[in-house]
Structures are given as C-alpha cells and as structure tokens.
Amino acid sequence: MSYTTNEIMTVAAARRLPDGAVCFVGIGLPSTAANLARLTHAPDVTLIYESGPIGARPDVLPLSIGDGELAETADTVVPTPEIFRYWLQGGRVDVGFLGTAQIDRFANLNTTVIGPYDKPKVRLPGAGGAPEIASNAREVLIIVKQTARSFVAKLDFVTSAGHLDGGDARARLKLPGKGPVAVITDLCIMEPDPVSRELTVVSLHEGITREQVTAATGWPVRFADSLGTTPAPTDHELQVLRALQQRTALAHGTAGGGGGD
Amino acid sequence: MSYTTNEIMTVAAARRLPDGAVCFVGIGLPSTAANLARLTHAPDVTLIYESGPIGARPDVLPLSIGDGELAETADTVVPTPEIFRYWLQGGRVDVGFLGTAQIDRFANLNTTVIGPYDKPKVRLPGAGGAPEIASNAREVLIIVKQTARSFVAKLDFVTSAGHLDGGDARARLKLPGKGPVAVITDLCIMEPDPVSRELTVVSLHEGITREQVTAATGWPVRFADSLGTTPAPTDHELQVLRALQQRTALAHGTAGGGGGD
Amino acid sequence: MTEFVTLREAVAGLIHDGDCVAMEGFTHLIPSAAGHEVIRQGRKDLYLVRMTPDLIYDQLIGSGCVSRLRFSWGGNPGVGSLHRLRDAVERGWPGPLALEEHGHADMANAYVAGAANLPFSVLRGYQGSDLPRYNTNIRFIRCPFTDEELAVSPAIRPDVTVIHAQKADRRGNVLLWGILGVQKEAAMAAKRVIVTVEEIVDSLDAPPNACILPRVVVNAVCLQPGGAFPSYAHGYYARDNRYYIAWDEIARDRETFKAWMQKHVHNTADFNEFRRVLAETAGAAA
Amino acid sequence: MTEFVTLREAVAGLIHDGDCVAMEGFTHLIPSAAGHEVIRQGRKDLYLVRMTPDLIYDQLIGSGCVSRLRFSWGGNPGVGSLHRLRDAVERGWPGPLALEEHGHADMANAYVAGAANLPFSVLRGYQGSDLPRYNTNIRFIRCPFTDEELAVSPAIRPDVTVIHAQKADRRGNVLLWGILGVQKEAAMAAKRVIVTVEEIVDSLDAPPNACILPRVVVNAVCLQPGGAFPSYAHGYYARDNRYYIAWDEIARDRETFKAWMQKHVHNTADFNEFRRVLAETAGAAA
C-alpha cells in the first residue's frame, strides 16, 4: 500500500513505544502515534493523559487532552495533580511522548516564544507539562514535522531540556530520565549520538534524500555511518491508522490529533 | 430527670459546639458530645473525622475513628491526607474537639508517655491528630474526666499545645488558632483566664463542691469570682443522649465512645 | 454556607475589580457562562490564574478585564492559538498583560499547596529550562535531609475560584465527575467559591469517594444548564467543536472580535440569551 | 505488572528481613492476613511504618519481627492499649523497639511526599509540642517567599506496602471504597505493593473517579476473602468487636500471648485455617 510522509512518521513513532510501557501522551501527533501503537503491537501499553485518565483506550482520537472519550475508556481517572505528582514525578512513566514547535541539535524543545521573551514575534502556547515530562520520564520520544523553521540552530527559548549542551549535561544536572532517545519526523528518524548527544539521522524514510533532510534542518545535520531506510508501514499498520482516523473524522467532523493541548 | 456526672459532662460539652460549625472530632467522649450537639441544638454542624468522613451523621456512635457508619452517613469521604491538608491545615475547621490523658493549668495536653520518654512508666498511644488540631483549629474544646492524676502540675510530655506557658505565648509562636477555650470535665467547666490563660473554674456541676475540684486537680486551681452552676441537662438532652447510647449498645454490644482512636 | 443565587448576583457579590480569580477546567466543565458574566459586568484589573487558559480567558483578555495572568499553557485546544492572548502579549492590545509563566506540574502543585494553606509548593522540575530565568517566582531550595535541589513556587490562593459542575444538592454540596483537572484543589485553595451547575437535585446519589465539594467551602451555587458550553459536561452534553473552530476566525481580528462580543455578550442579558442569539446567528449562516 | 499469587508466595518473594514495610489501614481494611503470614514466615528486623499501628502490629512486635516503628498513634481502637507494643517500649521485650514518632498530619503528608517522589514533606505543625525534641527527623525550614517557619519530615518510601482491598480485576487493577485512610498514598510511595482482596472479578464496574490502584503499581494480588478480619471490609463484613476486646486480655501477658500465637498463627497453614481454629476456640468457650 502507498502511504504519505505523515503516515510513515506516525507509524515509525508508534513502533518505538514498547508494549507494557507506561506512556505519558501529549495531544496531537503523539496521541495518534501512541494509540496506533496500542492498536497494533503494544496492546498492554498504559496511556496517561495529563488531564487525569490512566490506561485510556480511546476508540476515536481525542480532540483535546481532556476528552470524555479518554475518561470513559480509562482504567481510572485521577485529579491532574496526581498525574504530575504520583505518576510523572513519582518515576512511574517509562516513555514521554512529545511534540514541539522548535527543536535544536541536542533535542531541546521550545514551545514558549519565537523572538525575545518580553517582546515575542510569536507567542506560543507555553510549557504545558513538557518540561517535567522531558526531565522525569525514563525516556522521551519526539514526533514533529521537519522544516528549517522548526529544526533550528539556536532556540529562542529552552522550554524543555533535551540533552542541553550535549555530552553528560543531563547527568550533571541530575535529571532523572535519560532524555530524548529518538526524534521521528516526516523525513527521517534521528537519535542522539551515544557520546556527544547530538541528533544524528539514523534512518531515512523511503524516497527521502539526505539533501532534503539537510535542507529541512537549521544546522549542519549529521548522518550515521550505517544510515538505514525506515521500514515501510505494513498494510496492517496503515489499515489500523486509517481506520482510527476515519472513526475520528466521523465522530468529530475532523481528523483529530490536531494542534493544541 | 436525674443524671450522672458523665452525662452532665457530655451535655455541657455538647452545648459549647455552635450550630453551623465545622468540627474536627476525636473518638470517644468528644465524638459522643459532638453527636449529641448535632442531634439537639446544632443540626447544621459539619462533623469531620480524621479517617476521611466529612459531614458524618452517625445514627449510632462509632467504635473507632474509621467506622463504616461514618462513611455511609457522610456528605463525602476523602483520603486522610486531604482531611489534614485541605481541611485542618487549610484553616477550615472551626472547632477541634479533643480528649486527653493528662492536662496542665494552661491546657497543654499529654497523650504520649507517663514518665521519661526514653524509659516510660506508661507508654500512651501517642499524638494522633492532636498537635495539629490543637494548633490549627479556630478554637479547641477539651472533654476529660477530672482526677489529680490527669490534671497535673507538670506534664511529663507536651504532645499538643494549649496556651503553652500562658499569656500571649500562642501568638508569639504564631499558632493559627486561638487554642483551648473550655475544658469540660465531670466536675466542672474551666476556661482560660483572658490574660494569664491559666485554666479557671467558671462553673461547677450541680452538687459538686470547690473542695472536690481542688482535690481532683494537681495544681492550686483558681475559681472565677462569678462562679456559676452548670445548668442541669434538660430532659430532652438526656433523652437524646440515652437513646443514642442505647442504639449504640444495641448495635455494638458496647456503649461506644470508649477509649482509643 | 452556600447561597443559591443567579450568576449575575454571584459575580456582583463575590468578584471585585483587582481580584485574583481562577476559573478552572481542563477542557471539561469550563465555566464559560461565569466568564461571560464577568465580562458583562465589566470587571477590571483581574489577576487571572489557570493551567490552560482557553476561549473564555481569550474573551476576558480581549475585553480588557485582565492585567495579569498566571498560567502554564494558553491555547485553543485542538485548534491552535488564542489570538486575543497573543495580541495582548505581542502588541499590548487592549492593554499590557503581565505573564507569570509556569509549567503544568508546578501549577498543579501550587494549587495543592494553596488548598493545603502552605505558602509554597515543592517539585522536581525546571532543570535545564529557561522558565526560571524569566519568572523570579520560580526558585530553588535544598532538601534539609538529602541536600537535593528542588524547585519551589508560591502557592496559588485565589480570591475567587469559579468552576462548573454537574450537580448540586439543595444543601449546597457539589458533585463533579469525569475529567477532574484541578478544580477541587482550585476551589479548596480559594477564599470564595462560585459553582455553576447543570442541575440542582434533592440528593446527589453520589457513589462512594466521589469528587464532592462540601457545602461549607461553596459560597454560591448558580443553576446554569449548559454553562460549560462550548466545552462539555460529562453525562450532559458534548463539546461543540464548531464553536472552537469558529473562534479562531472571530478572534483573529480586533474589530471582528469586538463586534462579536458586543452582539453576543454585552447585548445579551445572560448566558441563556447568549445561546439563543448564537443559535440564530448559526441558523442565519446555514 | 501484577502477578496473581498466594499470600504465602507474595510474602516469600517480596518481603525480606530488614525491609521497611507499611501495612496500612485506618481501622478499615486492615491487612491482617498478610501480617499473620509475615509472622509465620519469621521475618526479622523489620522497619514498620503505620499511622495507626493496631492489633496486627502488636502481634508482629510481640513475635519479634520488628526493630523499628514509625507511627503517630498506637492503640487498640475503641478498647485501649497495645500491650505488646507497650512491653517492647517499656521493658524491651522481646527486644528493643526504636520509635520514630510523628503526628498524624505529618505522617499523612510524608506518605504523600513519598508517593510524589519528594525527599521531604512540609506542614504547619508541631509548634509548642515536645515531639521534635525527641525525633530529630522533625525539622523546621523557612518559606523562601514569606519567611514563615514550617515543619519538615522525611518522606515515607517503604520497600513494601501491603493493603487489603475489596476487589481486583483479572488484569490486576484494584478497587477500594469507603474509608480510604492513606492506603493509596502508601501504595504509590512504595517500591513494591502487595494487595490482598475480598474477590477477583472480570470487571471492577467502578463508578467514575473511584479509588483505583492501576495494575502497573501492583506487584502481587492475593485472593484472601476475610483478609481484613477482625477489622471490616465495607460492603462485605463488619468489624468483629469481640476479637478486639479479647485481644486486650490475650496480649496483657507474655505467656498467654505466646501460646495464642503458637496455636493460632504458627500452627496454622494460612489465614483460612486461622479463622477455623479461632472459630473452634470461640465455640468451645461458648
């Protein structure tokens, strides 16, 4: 089956979520990917949304982080402070699944402002739960469309810590989790270099060239020596994803998984 | 109707609880008095027990601080941390209703040890919620049987602060509540002197002499100039109290409101 | 103790110019009707607090009611930006808006600390983030036992918290269920509490350990069915997603926004009339 | 992820000599069966934690399983003293017992801090009390914003928390209701969690926002109907008050206590057999 770049991005991201993991899910692309994982190889994943649902199994994708569908299908719904205190800070989250507006070469994230903080060119929505997801989750997956405007040499504002200025910077700051382990885009998959922690392209999606990735990255992006090709989505993955999006469109009159929190 | 010294103690204590108040209730005598108040002049009192019930209206007295009867008749049952954090520390408790093992002339309370802490003659149950009830409730009522062993010149251990060493000691320590406003015993009612804060007998129960009170107090107890006589329990008060205790005995095979927490 | 009053009376009596006000709701049970009433009554200089300011805060900001905002994520959930919030921050229209920006974890903790009458909250957070550089109210302390460094933040203690809930009983106890967000903590943290409800019933018939606000913490209960529109009230009605999408267009332009507010809020007597006018507009557009 | 095992297997696999163990329950849902199994398996040198140590802790202490106790109120609820606890503290029998004594408010806060993975808890407390003189783990800090003095205490992080609950589903989610005490916080604060339950069901059919421990925090679920005897399980059985009263007599004397423990606990294979032997004794006495 043929597929879009959005579809392979979602499928590739979903595949990174291990079965049995406790996953703190951001709204939008992360929610689509996490639910695709749950409906394919990871039926035993526990999806947590910051509004309170634990173990959500939505049949259609939520429009917002606090949809009734999440509450109705969850194992339990707790107050928001418990999600952040007992679950995220409590060290019970295996995978934090985040989107972002801007990202730099060390996978630090900006969702606060474009331009100076006090006189911003664009005021973005803000931190939400991302800073503490980025620091406390055992590992972090980032899913974001790749453009030179979003993959920047220098962030206007560091909202959430990735690997900071690289190397063992996280360990020196005593951040509990190991930080971003993969960035999945519509063009490729990047992983931090084991030593420098600089994001390195490890896999290109089928039909995507190095030049396209370089053009869509605001720094001189590195490619792994053993650069692979992202395995194409299987028919099953595509069928499940499309069915999910179709159910969502029918329910909401929209594809769901849009922007916002 | 004739009545016992226990009955007038309970009735006199119940009368001090204003209708509409939020009352944090200790088990035993305080629970009996608070429920008598609720069933007579204070139908709109909100009784809180440390195990979690808010607005409990038990038909029979609880054997323990966590009886199912409390949960079933309450407006809501919250986790114990909420009781202490959002309600007591939150400043939402008007009256703390306490018992004690020992009390001194400034209404400080000992429920920890008789004898030295590290080598006690009698190990008592301990603080429970009393230290923070004594400091955070807007005012505190104490109900306790009066003997020279319990009303002592010097406490072996100050578990919960009354008026400390008297005067404005509470204000100097910035204690939020105004502390004990009355001690109701089976012999009399004592109130702290407005200036020195030393407990002063303001009312003798009918038939009780000054000499009896003096003999049952381990310090040279003061009597108010305008020493009154505690109004006798009304027939209605006695009927309600006895019916409550009878229902309790039928339900539990005991009078309830016994020792313990 | 609870009074049963109209929303107009509750806002008039309990919310004053300059107050710190939290109208909480985590995409569920947003107190939209109460927000409109605050705009109608022309409150000024409010210090608003909310984890997730959305449409109703956009309307309050655009209407010039707000001078200061403590928050952690401001957007049109599932749609995009809040254009009135952006216009205030990016261009100071209709007036300057001071931001006190935190993360969600911090805000949730700060409500809990407020409910517990503590002056500050403690969390593991902000390591590596620029937020503490721009918000001097985010500080760090050391654990007196382990010497670990932890972030601290001032507790949230609103003058008034406003929430929408499913039910109140006739004594004033309030029941909510489904996604709870931080509403209970926001209410317990406040000096005064206003609750709008879908219905007032003889008995809540609540299951054990349900989320109930006891009447002694509720100052005013206002019957306002549909009061969370366009968000949803679990068990009553679903989110009206068309309104969220439409708001993106309305709020983009100052004049469009002003005209819409005039017609739908200032020229309507209450939320019920607002709903009628809105339905007519939608009918005419169809 | 949850394993479904016998109580014997759970205690053998998850509770070790020297562990910090919280068996919580606030007069409701006391994990008595689990306490007996710990005694049967002869655990030593335990550091027990509980707000309200009662009969089962008296039995553990008298049986020599415990070297240290963190608590805030130790008694036989509604009856009087714990004689084995007193004997250990007053006369060091069967061995010395180190006490770490706090107030209820502090203990509840310390469980919350443990559940939140914070190293300490903060409260307004202990002003004027002698407790901080005898417990150096109660300290005071100043608020970095208001300079107010506040008490702090180390978070409780048990190696193992054991609770009794009404139901588990076959996936391992646990539901409890009624008086909740600090059980949820104690479980969330622990490294390992054992839950004994009245029944295991296909579906919890829990109401919205019920108190549920999700399976990912539960290591072992053990089916043990009546496992909270002589305390009560809301919806299942009432407190057996005769047992509480009888315990006062049994525990007063060391030899009576030892003989009772031998016959009822050491000589029985499990809690079901204990209940049978106890019923026979009661029948013979009647």
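Quick notes on this one:
Each chain carries a letter (A, B, C and D) given by its place in the written order, and its residues are counted from 1.
FYI, a contact is a pair of C-beta atoms (placed from the backbone, for glycine too) under 8 Å apart; a residue touches a chain by one contact, two chains touch by 3 or more.
In this text the structure is predicted, and so the values were computed from the model without any measurement.
Contact with both subunit A and subunit C is made by D.
Once the centre of each chain is set as its mean CA position, subunit A and subunit B turn out to be 57 Å apart. The geometric centre of subunit B is 41 Å away from that of subunit C, both derived from CA atoms.
Chain contacts: subunit A has residues 71, 77-78, 85, 89 touching two or more partner chains.
Counting partners per residue, subunit D has 112, 117-118, 123-124, 148, 178, 180, 208-211, 234 as the residues that reach two or more other chains. If the chains shown are joined wherever they touch, the resulting network has some other arrangement, not a path, ring, star or complete graph. Listed by label, the pairs of touching chains are A-C, A-D, B-C, B-D, C-D.
Note for the complex: subunit C touches subunit A at residues 26-28, 51-52, 71-82, 85-86, 89-90, 101-106, 108-109, 111-112, 123-131, 134, 148-149, 178-182, 184-185, 211, 232, 234, 238-239, 241-242. Those residues of subunit D that touch subunit C in the complex are listed here as 117-120, 122-124, 137, 139, 141, 143-146, 148, 150, 152, 154, 177-178, 180, 207-211, 234.
The part of subunit B that touches subunit C in the complex is made up of residues 20, 22, 44, 46, 54-55, 71, 75-78, 85-86, 89-92.
The touching residues of subunit C, counted against subunit B in their complex, run 1, 112, 115-118, 173, 188, 206, 208-210, 212, 214-217. Residues 27, 50-53, 63-68, 70-71, 77-81, 83-85, 88-89, 108, 112, 117-123, 125-132, 135-136, 157-161, 164, 169-170, 173-176, 252-254, 256, 258-261 of subunit A touch subunit C in their complex.
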